[in-house]
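This is the structure I want to talk about, given as structure tokens.
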């Protein structure tokens, strides 16, 4: 019985959350530092996982298995494959930045009652989310995954509804109402998705008799577990719906803009860069592996939906007046790419999609956090309220630009690699869809540059004339992200090497092989 | 030796990094660092050049594999550089002209507090451009391709406080993105066709692929070229790009970046050779653009915009040549190089003029400047002679060859293309003469500006004039140097291949025709601007003139169709998203709320009505049970 | 005479009682109607016991009476207290809580 | 029927007493019930003889001891194997001592104990004239607001009778699920109903509503039990016996020694169907299933909150126990008749409860409707008609009852001048004022909503799993949908507590005595334990999943 590394990786932030919440009201700063330290320690653990993980080794590694709820056929099974490891690392990596970026977001305006401790709560909730996300990446037992997939909503819900941008064009009252609207919308959307998935989970149990992903896949492969076509399709839809809400896929996306708009920038990053990844990850791990045939059956429809997401999201991003909403719709467009890559059923597509999840996490974090710094300075989310920032705060503008360029996936920055892989992977099987998706890169350039032009360039607006440039803390947050963006753009091999074997496995699970180049095919 | 290739790129990249990250403390020396590093890279280029010359014609391709970039199953993208005669030519042009312009900018940007950043961007551009021409596979080329796009975006918008500059920068990037779309689709097609997108596999097996696929690839590459090289229909950005500082216009929007399209097509020659339809499309685009640009050039009063039009048209020539296949490749590149010299020279001259005239760009407010800035006048003049193809100067050789090649295409196509090329030559002569006359001849037409500053023209400092002189030398000699004994032909042939084609006209005839056109063009210009005084306020002009002033209504079209249409589309989509997609959900919620509100009325508080419901329920229960048994 | 007729009678009584509950306002009367229903049940028990020829039914009838008595105690207590509060024994007046 | 037979009846009836065999009663196995009943009687005596000042303490003491002892007895019996191997029918076939009954009795006793704590709470209201007051009327007989009431309050009277009443109710509930013949069933039904009717009328504040609740509950309850009784009569007529085993045999047609006298009524399915339908209706009334639910909101709102909590928890447990036994022991033979009907009932119950709850504005009514919805979920498990079904329902009930009592206990804490502030608008911003209470309540709400890692989720999963296994997949889907709807209003409350600004004249949160704290703590503990590590209890439930026949 070796050291339960995976459990530790999830348990540490969980314990940290409790500890942070327990910090007395007066010691706000202590709570912050505690949270930061815990997240860093978690990062250290995650890196250990990364190191201990052998890309060419067994499919699931560092596995742990304990009996949990026998009557439900549930085992506490953990294990990571390349995809999970990559996302695990991403999560652990982003949280410290999120904590650091949100350093002052939860300072109470007025010191209310003794027992009201928003700051402690804020950081505790972030850590709680981290713990749940991590364990849902690690779970190889469908039920365990489902549980944390669902519970995750609760802390997220409080994060969205409880903390928001201080300034609001219609005052604090309107802000709080809109916040709780956004929070409720977020929770209900995902809860409905989750409950429909619950039905499917139960169905899966009725069919399979247990929840162990490897066992079910095994059983299906060697034919010992037969699933009627219709059953498989229904179950697939049940699972996919939940993940599509989480991802989010058009037309289930409308909760994301509200949530990201109302939440503070760090929380918005938490939503789109970390939590939503669970959805796309789960498509790759559960939908494809558990229901290969149904996945293939649904592929055309899903590809069309993702295509719509790509174009639709980008176009709406162009039409936004609110910086955070714009980023949200951009993310919807990007999630379209991810899902498209997953269901293109080619190695390039799926490796690209996984890589995309990582890169999108980093790039959105960079862009959104800088946007958050910007908003916190001027106290407005409206693009129209800015102008000429570049002149007064060149550093801020520069980082913002780089974040933007990453979002439009400029070659040399990380997202380009993944986006191109997804496109190629899709094009190889569905040329038409691939070509249309390529329009997305033009639109991406459009909304990013329009945003940059309207906010950063032009004559300096009087309101922003006194705007300070990035502070040390903020620079510490942004600089590493940018370095990562460039590094992974120039040298993504480390990630692809981890991901590729896992993708190869998935491809074999769905009995798909990459299409041959026509020249070879001719020969 | 191979490692030097990497260093070639590394030098300016390092410069960019240092200058951009370095911060204010480098403000004092930043420009020198930039210039130094670009020169270093030029020196490396020379060393490699000498090394290549040392080798036999067939051993002149150096490959440097750096590392595996994106390895995913069949998709293998490496960071590999290829230095052969073609890329060598570009390396020298880029680094050479680049270094000169760096030097020039030291003077030109002297009074700009963000000069360090300017040089950072310039170095970034050099690095990207070198990556573009040295890449050994299309994906890596794509990186350079967008890299130069980014650099040009940053440099066009360098004076960001000017909304016009910011807009122009954005426009340039967007239009280029459309082109990039073509390039990326082309790469995907290559991948699905050849299972690779490295030059070797693609170009060597081009023959094996079906012509349809190749045509598709070719057209997509052409789209990319149109975007980058401002060819019709994607030319609209180049004019606005003149918002950038003049050295930028000289380096990026005249000498190097805009010619990347030509490089792409020539580099992909093997594909085009096997796809005649694509080639035809290329030639058509080229011919149309060379006329389009020339006509626009005639109407502009803004000296830079006029030159921009001419750039467009000259690149039209190159594209045309490139479209002609092996007949034209070499001359396309040759004209590209010579054009690099004289057009850069012309722009620097224009910059020097503006420098002396408080950044006035309207030629109608110039006049008679030859006395005030002699050096500028002479260098500009030489460039002028070169571009109109004055016998003996570089433009004469390169352009003449292209016209010949165009006829040599044979058939009606040949005649049409050749005719277009000739006409272009005439118009070129016209508008360049116009620029020359309006700027340096006639009486002075400048007045004090609104706040009473009387511009007092003066010659630019030496740091600016030296590059101009050098470029002038280049534009005088380059042509001869290349053509005498077909040196350039033999140099490039191993890469591009060459064939004479069968010209219906003798070379002499073509040259003669060109000369005639030249004389006509110059004559008309002299008649219009040389004899009488030039009106300070532009006359209304003919319909064509007015159209030409507005880039032949191309921008209006874009504005109406794309911009307005796009705005409407997005606005309506935002509405749809809010009312329809979101509305459905909120509607459902509201529906349940309403239902609930209605149902709770049943709970009216009267015990007896509760009893009724129980009684009814019991009855139903009984009835249902009995029913179940009945059925 | 066929004991089944007594069953019909008991059913009739039961229905009358139920109807009374539904239509009468006065709590006392409603309560009486319920008692009537209980007694209808008693009748049924007795009849069945007669038909089956075993005594269970009759014994149950006794139980029922006891239970009914207990109900009277509790019921009257509640109703009386309600009456003293509101000076009306109408069931419909007691409708503070609704919706 | 011939005269001789009639004569024979007379003679048998007229036989000398000595011939009647003395009934054999297994006191040991009935001890839980007997202990509670005994304690209740003691409580009555306490009322009679102990001086007023010390009655409260005496009563609480007696009740606590009794309940603990009874629970110990249950545990002992279970440990002795009566739940599994030695399960059998005691008291001349009147009482079944088997897994389900022991499990449910244990649950009821614990719930009763916790409920007792909330009954005994005396710190929430400020002391009146130096006397601690609980949530019950000083003197039930006195007119609200009348002089006699004032006098009673001044004199510091308290209705300590509630404790014996509670014990009687519990006793009835203990018998209800283990009753093995229809007569016992009916008597038990009345035994636990009548005290509840009274308890409902005893609120200290808002007495009009309290009395109204009592009247409604009483009249409707009596009405329902009349139906039940008639149903019993019909079944008796059908089978000639009220013993479950006997009826089951007749239903299955495996009856031995058919007595010719029965021939004409026996097997008359009209009687069977009518009878069973009416009995089931009576039970559905108790569990509050649509359309027999309408008493629930009013009574829950009007009754004293501790009573509501206890009622909501224990009544459901007992009633579902009885329903299970009836359907699984007596009527398995006619499964195909009642299953579709129950399907319909379950569906409208789930949806009805969830939908109507959306627009509620009073926290107690809200919980009432949510309890209706939950009744629907449990019915889904009942319908499974499998061992899994039984154990899942048992598990669900165990989890649900503690959450309910805990939730209502929290409701008692939030008070303003008029007593408990049950209107939702007053709960705004509670999370700011007293985060702990709000957090606890949020936990209960999440459990109701069935969020994972709470007992609510484990229970719901178990029930739905059983239902799906039993081929009721559509029910599962409906259940899932209605849980989604239900989630909406649970979340609404959470939003109200945490995200909306507290009102200046908002309610205060009383600091309770350890009693209520214990009740709430118990609720939280059970919620989390059954949510995170339910295996042990699932084992218990599944061992207890077999009815003795």
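Per-chain numbering from 1; labels A, B, C and D assigned in written order.
The definition used in the following text is that contacts are C-beta pairs under 8 Å (C-beta built on N, C-alpha and C of every residue); 3 or more make two chains touch, one makes a residue touch a chain.
Here is each chain with its UniProt name: A = NADH:ubiquinone oxidoreductase subunit M; B = NADH:ubiquinone oxidoreductase subunit L; C = NADH-quinone oxidoreductase subunit K; D = NADH-quinone oxidoreductase subunit N.
These numbers come from a predicted model, not from an experiment.
> Quick check: more C-beta contact pairs in C-D or A-D?
Of C-D and A-D, it is C-D that has more C-beta pairs in contact.
> Can you work out the whole-Å distance between the CA centroids of chain C and chain D?
24
> Roughly how far is chain A from chain D, centre to centre by C-alpha average, rounded to an integer in Å?
46
> Determine the centre-to-centre distance between chain B and chain C, using the mean Cα coordinates as centres, and give it in whole Å.
97
> Roughly how far is chain B from chain D, centre to centre by C-alpha average, rounded to an integer in Å?
Chain centres of chain B and chain D, defined by C-alpha means, are spaced 81 Å apart.
> Two or more other chains in contact with one residue: find those residues in chain C.
In chain C, the residues touching two or more other chains are 18, 21, 30, 91, 94-98.
> For chain B, write out the residues touching at least two other chains, lowest number first.
In chain B, residues 589, 600, 603, 605, 607, 611 touch at least two other chains, as defined above.
> For chain D, write out the residues touching at least two other chains, lowest number first.
Only 215-216, 219, 223, 227, 297-298, 488 qualify.
> What are the touching chain pairs in this one?
Every touching chain pair, ordered by label, is A-B, A-D, B-C, B-D, C-D.
> So in the complex, which bits of chain D are touching chain C?
Listed in rising order, the residues of chain D that touch chain C are 1, 5, 8-9, 12-13, 140-141, 143-144, 183, 186-187, 190, 194, 197-198, 201, 207-209, 211-216, 218-219, 222-223, 226-227, 229-230, 232-234, 236-237, 240-242, 259, 261-262, 264-265, 297-298, 301-302.
> Along chain C, where are the residues that touch chain B in the complex?
Touching chain B from chain C are residues 18, 21-23, 25, 30, 91-92, 94-99.
> So in the complex, which bits of chain B are touching chain C?
By the definition above, chain B touches chain C via 600-601, 603-608, 611-612, 615.
> Report the residues of chain B in contact with chain A in the complex, numbered from low to high.
Touch list, chain B to chain A: 67-75, 139, 142-143, 145-147, 150, 153, 157, 160-161, 163, 165-167, 170, 173-174, 177-178, 180-181, 184-185, 187-189, 191-196, 205, 208-210, 213, 566, 569-571, 573-574, 577, 581-582, 585, 589.
> Please output the residues of chain D touching chain A within their complex, sorted ascending.
Answer in residue numbers: 432-436, 446, 451-453, 457-458, 461-462, 464-465, 468-469, 473, 476-477, 480-481, 483-484, 487-488, 491-492, 495, 498-501, 533-535, 538-539, 542.
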